[in-house]
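Below, chain A partners chain B and then partners chain C, in two separate complexes.
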Partner chain A sequence: MTSMYISGLGLLPIDRHYDKSLTQLALEASREALDSAGEYDIDTIIIASNYSTLLQRQSMLASLVAEELVPKGLQVFNVENGGASGLAAVHLARALIKSGLSRNVLVIGVDKQSDYPQSIVNQTSLTQVNYEYHGVMGVSLASLYALSASLYLSKHQLNEEDLALWPVVMHENAVDVRHAQFKSKITVQNVLQSDYISAPIRVLHAHAQADGASAVLLSSNKKESTIATVEASHVVSGKVEYELNEDPLHIEPVEKAVKTVLMQASLDKNLIGLIEVLDMYSIGGPLLLESSGIIPKGETLKRLKEGRFKLGDSVAINLSGGIKGRGFVEGATGVYQIAETAAFLSGYRGYKQQSTDYALAIGVGGLSSVAAVVLVKRI
Partner chain B sequence: MTNLFPESKTGIVGWGGYVPIYRIKLSEIVKMWGMQESLPQILNVEEKSVDNVDEDALTMGFEAARIALERARVNPSLINAVFFGTESKPYAVKPSATVIAEALGITPVTMASDLEFACRAASEALRASIGLVSSGMMKYALVIGSDTAQANPGDVLELTASSGAVAFIIGPKEESAAYFEASYSYVTDTPDFWRRALSPYPLHGEGFTGEPAYFAHIVGAVKGLMEKTGLKPTDFDYAVFHQPNGRFPLKVAQKLGIPKEKVLPGLVTPRIGNTYNASALLGLAKILDQAKPGNRILVAPFGSGAGSDAYSIVVTDLVEEKRRNGTLLSFFIENKVNVSYSTYAKNRGLIKRIDGWSL
Partner chain C sequence: MAKLSIPIFWRVRKHLYTLEGRKCLECGRAHFPPKNSCPYCGSTKLVEYYPPKKGKLLVWTKLYETCDDRSAYRPIYIGLLQLGELRVVLPLTDIHDEGKLKPGIDVELVLRRYIEDGDTGLIYYGLKARPIF
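And now, the complex of A and B:
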């Protein structure tokens, strides 16, 4: 397989950036990535953003950024694939580099949700499922995830306390992650005392509205500043209507994408020592991990309870803190995940380091609308 | 403090607070709308005041001003300015200040106007009055902050928006129960909360009302005051901040390094809700009801839109005598009758009713 080199990272702190526009956030993350990469002749910009057209009413983001950053005229693309947008953008960058059409691709993930009240953002998030089918009925993403959580807990004879452990561990993981939105710890009791959004999902299972941007420079050639490589990637569409999945606790596109990625790299799944997974409303974590085939069904929360998946374990999960600790910036999440896996594999600029050669980033749009998976390797 | 600022020629010669008798428990509102049950606890507010059917910002403002005048014991005709800070004036056009001025015998040789700056208008009036009195243009000015605060039914604002009034008569330092040492204003264009013309209820930017609005402006004003005067948090015996809920004042105090023990004596919102223009200034009235001569008070009201003023106020020997001359705020806070959501809805005009037969 031809590798793609990750040679620059931009990880803006996730926060409510009231004083910065969407384009400013994208530019800041880009400049951080380019500064850390050194001199590069970018020929392509791909921007992943899920909300820009709906909330900021701005399309053509990649052109806007290119105009400021490299006005000479580039190949530009805008990717919108829900929570999997960022990983899908990396996949596209890899396709362009493998084909020889691009040599240096700047992939940027950006979204900004704090410009609007919660009700608008929640309604907008429903565009990731079949809006005519679910959205108009007043169903929310939280209530769909609540259905899966409810089913998961009863099927595996677990309780709310077990599920509450997920956000607790995520907050713990985020304490030393400098771009994380929340660097404070919470307890199981805090989670169980927080109000229900849609049982068994509570306020402390949900992410906070946030803004952020992340950028990675991906190149066909290794450079001095290269910190990791992208070995494989894939994107697979699935059921946009969650309940039409044959087994609601098995997200088939995730299984397919992970299988393909491992096949592309001829890699045994047991060699993966780090996973950054999109853990929507806590339950998304176990759901995706177990659909990937890497963790056996019903085992995620049990192993978490045994103290597994932390830094230094044979496989560490969400050292970033996931959507609860690091924060959730919708379309940018996948780019954050790639930058984070590269940072945690290499111990980049003070980030903690997991001792492993391979990391997997797993994301979905909606609940099962699309899955995107990227395999990152230590240099 | 080495510098003497113009403010120090002036002080509070009379003060008065008024809170309507009715209260609604926040738990009642939460139950009505199916809100998050822990919200009252998170906001640190148990119940809020509700005006009666025959009350409005003007009548409540009058009640507070009457008490202030009783304490001031000055000839009303010597008051040459009446400022009415509110965002719920009964008449969109026609000043409320003139009605109160007339009722108290202040007219006709007086300035009179209603001011609007969300919850901060009365504080602006306070600072303007300090200027008018310290310049020698007049001996006394009356400042009133009063609101029957509006909130969209079911919005989180409904949990705190309440009714109440406060009044201060500003005059010469020598006649004052407490004098102003210095003041500082901090204002920017920050759209955290607004109500368009003819709209019955305001809108707000949720989390945007916190850090970039309330906290940034109060911290800006207080730090500005401290820099200007050389005063430190430890120099103050009491601290009163705008009280949109029972949590924000404690959090802003923490940011400024002021212990909560100095904030709690002036915290009235947990018992009566957010009285908007009267909010922080009722807190000041409550402190004046208990402070000792020589005590120094930090006061920082805030108004959305957004701005904050910070005042350093020093209590004088006259405080105890003046305190005796008027009804204490605690009387209005303690003297209460709890009502149901339906009575509250009737009093607040939330129930649409058409008039019957008329000639």
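And now, the complex of A and C:
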């Protein structure tokens, strides 16, 4: 299987960047990635963004960025696949490189929410459900994750305290991640005292509004600056409507995408020592991990309670701090996930290092609309 | 962002007023919202399926974080229901005693207001579920 090399990383701090536009954020992350990569003749730019058209009212963002970055002209694409946009963009880059149509692809993830108040962002996020039905009913993504959280806790005889441990561990993990939005610790008590968003999901289970951009340079050839390879990737569609899932606690496209990725790489799942998973509203973590087949059903929160999944464990999960600690930058998140797996595999520029050869990045759009999975290998 | 446009709501009104779904003649499964082909087996041999007006509550949540246009109704109760062969997510209404809201209780469909489009726009109606105690 032809590898794709990761040879440059850009990880902007996730924050409320009131002083920077969407394009500026994308350009800063790109320049950081290109500077770390050295001399590269990029021939393709793919931008992953979920809200650029809905909030910043900017379509064809990749052209706007290319105008300043590579004025001579090159192949440009914009990818929108909800929370899976970034990983889907990496998958698309891999397809272009494997086909020979591209040699050096710059994948940029960028999104920006802080230009608008929370109520407008909430209204926009209704586009992540079937808008004509659930949108008009006011059924938001948070409420669907809340239904799953209730079902999960009751099925596995767990309680809110068990679920509260997830954001606590995520905040701990983010303390030494320099691009993370929150580097402070929280307690189970803090989580349980925070207001409900949609019971049993509370404010401290959810991401805060965030702006950010991440970029990775993906190439067909190995260079001096190469820090990891992309060994396999896949994107699978699922069900947009929550009620169409056979089992609301099983995200079928995640299972299919992980299976395909492991098959592509002929890899035993037990060799994966690091996972960056999109843990929407905390419950997304257990749901995706257990749907992937890597963690047995009902075991994630139990193992977390036993102190598992930390740096140095046989499999470390979300060393970035996940959506709660690192932050959730919508469509850009997947590109952060890829850059983070490469950084944590290699100990890149002072990032902590997990001792393993393989890392998996798992993302979804909506709750089960689409899954994207990428396997990254240490050099 | 604008609320639903009049033509969009007009197209789906029947589905929101009746929960008209589809049943697949190949695999026998029913689904909502209605699709042009079965989301389970892909067959296009589908017939209309109207669920019974009474069913069971499977699980529920109370949503506090809503958009501004729904602030008058906040918090909103939302449930996953089993109505005959259909499983649907719907807003719940007439919750006078939250303590009695438990998985497995009986619910019935009622026509209620979903949202108003300002002072001069449309009032969007649709089905909600209320508990039968």
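Observations on the structure shown:
Following the convention adopted for this analysis, the second predicted complex is superposed on the first by the 379 of 379 C-alpha atoms of A that agree within 3 Å, B and C clash if a C-alpha of one lies under 4 Å from a C-alpha of the other, contacts with A are read in each partner's own complex, and residues count from 1 in each chain.
Convention: contacts are C-beta pairs under 8 Å (C-beta built on N, C-alpha and C of every residue); 3 or more make two chains touch, one makes a residue touch a chain.
All values reported here derive from a predicted model rather than from experimental measurement.
By the touch criterion stated above, A:114 is placed in contact with chain B alone, chain C being left untouched. Residue contacts after overlaying the shared chain place A:199 against chain C, while chain B stays out of touching range. By the touch criterion defined above, A:13 lies against neither chain B nor chain C after alignment on the C-alpha atoms of chain A.
Once the two structures are overlaid, the count of chain A residues touched is higher for C than for its counterpart among chain B and chain C. Within the superposed three-chain model, A:243 lies in touch with chain C and out of touch with chain B [touch as defined at top].
In the superposed model, A:293 lies in contact with neither chain B nor chain C.
In the superposition on chain A, A:347 makes contact with neither chain B nor chain C. Judged by the touch definition given at the top, the superposed model places A:137 against chain C, while chain B stays out of reach. In the overlay built on the shared chain, the residue A:209 is in contact with chain B alone; chain C does not reach it.
Of the residues of chain A, those at positions 118, 195 touch chain B in one of the two structures and chain C in the other. Across the complex, chain A is touched by residues 1, 3-4, 8-9, 11-12, 15-16, 31-33, 39, 59-70, 73, 76, 78, 80, 86-91, 103, 114-115, 124, 126 of chain C. The part of chain A that touches chain B in the complex is made up of residues 16, 18-19, 114, 117-118, 193-195, 203, 209. Put simply, chain B touches chain A in their complex at residues 36-38, 205-208, 211-212. In the complex of the two chains, the chain A residues touching chain C come out as 54, 118-120, 122-124, 126, 130, 132-140, 142-144, 146-147, 150-151, 154, 195-201, 239, 241-244, 248.
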